[in-house]
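In what follows, subunit A forms one complex with subunit B and a second complex with subunit C.
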Partner chain A sequence: MTTRLLRSVVGLALTSAILSIIIFQLNSPVAAVFELSVCAGLIPVIFITAISFTQRIAKSQLQERRRERLTRFFLLPVIVIIAGLALLRWLKIPALVLPSADGAGDVRLLFWNVRHLDLLGQIVVLLAGAFAVVVLFKEPRK
Partner chain B sequence: MMTPELTQSFWMYSIFAALLFIVGLYCILATFNLIRVLIGVEILIKASTLLIIVCGNITGHQALAQAIAVTLIVIEVVIVVVAGGVILCLFKHNHSIDTRKLKNLKG
Partner chain C sequence: MLSLFISIPFLSLIAFNIPWKRSGQLAFFWSGVLFLAQAVLALLFSIGAVDPSAMQLSRIFIFKLSLDPLSLLMLLSIGIVAFVTLLAANILISEKGQKGNFINLLMVAVTGMNATVLAADLFSVYVFMEVVAVSSFVLISIQKDRLALEGAFKYMIMSWVATALMLTSIALIILTCGDTDFSVIASGLSAQSGNPLVKLAIGLFLCGLFIKSGVVPFHGWLPDAYSAAPSAVSILLAGIITKVTGVYVLMRLVISVFGLNSSIQNILMFAGTVSIIFGALAALTQHDFKRMLAYSSISQIGYIILGLGCGTPLGLAGAAFHFFNHAMFKSLLFVNAAAVEKQAGTVHMDNLGGLAAKMPLTGTTSVIALLSTAGIPPLSGFWSKLIIITALWSAGKFAYAYIAITFSVVTLAYFLSMQRRVFFGKLQTGLEAVKEAGLGITIPSALLAAITVAAGIGFPWVLDKLILPIQFILK
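Moving on to the complex of A and B:
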């Protein structure tokens, strides 16, 4: 069970790495670097730490769980292929009228000079997360 | 007005994001393991990140799209950390992270 979970986490990290390449190709290097360092680097470490605290499933249940999981997930590739073909076949592509572009701009200047509330929100969310972790892992007093 | 090539690439990336969204949703609905559910949520967030970046690239507002994507990534990390903590607490109390075995709210 643990090995399968670790494989899932490695798959997620690979997805993040591929996504960061796509984002880089879309002329967004700052977001690509963030995606690569945080989503492909930090988040798998958090997942692996969480998995290491759980315990391995009993060998007697392993085969049964594997079969059960296969029956639940065998539909996924079929659904993805059908949905992809359906979207490609029937999705009408309208000509979009876009708002006037303000140029690429500098994301750092935009962050510090225009999007102050985003920074404030990020700080609040990070502090709330830290507080939640402290509360969750607090040992009860004896 | 968009050029046909730009329109085509926009719809291709949008379809890719939609498929990523379907995979994440299926992962959440089909699994009973809480860590896999969290992985499904991650995939959903990745699909929305990709869509934001594609829209920024198409409209020419890359800086704004990147700022929003960075904020989204920070929120994603906090979600993973807090949800991971909740999962570990559940495991400590119930000795399982199978959602079928989590039947009482008392923990």
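Moving on to the complex of A and C:
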């Protein structure tokens, strides 16, 4: 179980890296940098830390869980394929009028000069996260 | 002046964590003063005694905030419920370290809620909803027992689904309208109402908000989170958090941003009615006191959404008044549940009985709360339900009005059965030593009961100063 979880985390990191390349190609270098550093760097580190707290399960249990998962969810790919075919057949998306894609305002100027309330909100979320770590992980002093 | 509602709790939060001597007691008293001041100030603003636009502080920070009668009612409710929770937590949480953590997280939640009701920008509203959500996840699991962690986990997962839906919707709205300010979005959305992307964005956001409010069929996390949380946290969660981050944001967006067109009205009225019916029927079968209160919350939130979906100014006023009343009487019921849990040791109604003789104040205030919930005159719940039903009737929605009236009777039924099982009846063996709960719980119950009675008897004043101004938001 642990090896497969680690493989999933590596997959997540790879996907985020490819996504950041796509975002860079779409002319948003700041967003690409954030995507790379946070989603392809910080998040996998947090996941691997969490996985290090888990234990490997027995091989027989692993086989049983795989069988159970297969019997429970075998209809899911079928439903997805049928729904996709139905959408392709019946969904008509009209010609969309998208707004012009000029770089309306540098992201950094927007972030530091205009969106002060959001900045305050981000700081409060970070503080709340810090409290979460303290409350949930601190062992009481006996 | 408005930014003080956000910046003072934020600065208090930082100040509480500086290791002064006796900072725990200082934190407690300062929080109490702050929440009481917020409630009083909101009342003074609505009477018109103090002008909110006075005292403009220096313009270093640009906060786009706006105040209108609906936000004032929300600030009043947040102040009262936070104050009550603080008093109750002083008794219910015994360890000093946990008390300090609780007060810090309460301050985070209040900062988030104040900013949610004052912000005039869609993305800021979203960010502060997340602030409140993170603090409530931690608050539910503050005592780290198995059931509470499970309830918090369920709440987290459903909240993350809601977050994904809302973020996608915000992205679509920025794509089609160009900005996140309420007025810009409102004109952009109404100009492009035929665009399928706009319809998708509105639908996704509504689904996200229904998950956050606990509207059927997205209510799955609510009974587990409310009943498994520690008692003090249940008071806060049921009394104000679910309502501000779910129902208030729904009201604000539907009125000021999406516009109350007929399809949104139908969705809201249908979802509200299903919540009323499901919540009431599920509450009839419960054996756990707090779980029954959770299903009752789902039912009452259905009333608020039904009033909102009516589409008329009177319906909106009724919904807002029912919001305030629900904050008062649901908090009161959860304070009583906390008292029962602390004194009798259990909330399972089959093991309780005859507590009214041993806990007279708790018994009396719970009778007041249940009569108000069921809509019995002259308590406040009667007036708010009357306004909602009148609004439905005058808008021609007779079937919805009939359902609303019928399920008021069902509400009375399950609450009377609760009252008989917990407070009246024969005293169960093992409960002879039960005494009334301490001052920290009886003072909040008395305060909330007094507000419920006063808002009912002083209804003309409340209607004139607090509720009728809300009608004019809907143009």
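To be clear about the criterion, the second predicted complex is superposed on the first by the 112 of 142 C-alpha atoms of A that agree within 3 Å, B and C clash if a C-alpha of one lies under 4 Å from a C-alpha of the other, contacts with A are read in each partner's own complex, and residues count from 1 in each chain.
The definition used in the following text is that a residue touches a chain if its C-beta (ideal position, glycine included) is under 8 Å from a C-beta of that chain, and two chains touch if they have at least 3 such contacts.
Everything quoted here is computed from the prediction, not taken from an experiment.
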Subunit B versus subunit C as contact partner of A:Val45, first or second or both or neither: neither
Superposition-derived comparison: subunit B or subunit C, residues of subunit A touched: B
First (subunit B), second (subunit C), both or neither touched by A:Leu120: second
First (subunit B), second (subunit C), both or neither touched by A:Ala132: both
Contacts of A:Ser16 with subunit B and subunit C, given as first, second, both or neither: first
Which of subunit B and subunit C A:Phe111 touches, first, second, both or neither: first
On subunit A, positions contacted by subunit B and by subunit C: 93, 96-99, 104, 115, 118, 121-122, 125, 128-129, 132, 136
List of subunit C residues in touch with subunit A within their complex: 6-7, 10, 13-14, 61-65, 95, 97, 101, 104-105, 108, 111-112, 115, 119, 121, 123-124, 127-128, 130-131, 134-135, 137-138, 141-142, 144, 175-176, 178, 195-197
Residue numbers on subunit A that touch subunit B, as the complex places them: 5, 8-9, 12, 15-16, 19, 22-23, 26-28, 30-31, 34-35, 38-39, 42-43, 46-47, 49-51, 53-55, 69, 72-73, 75-76, 79-80, 83-84, 87-88, 91, 93, 95-99, 101-107, 109-111, 115, 118, 121-122, 125-126, 128-129, 132-133, 136-137
Contact footprint of subunit C on subunit A as seen in their complex: 93-94, 96-99, 104, 113-118, 120-125, 127-129, 131-132, 134-136, 140
Complex interface listing, subunit B residues touching subunit A: 1-2, 7-8, 10-11, 13, 15, 18-19, 22-23, 26-27, 30-31, 33, 35-36, 38-39, 42-43, 46, 49-50, 53-54, 56-71, 73-78, 80-82, 84-89, 91, 95, 97
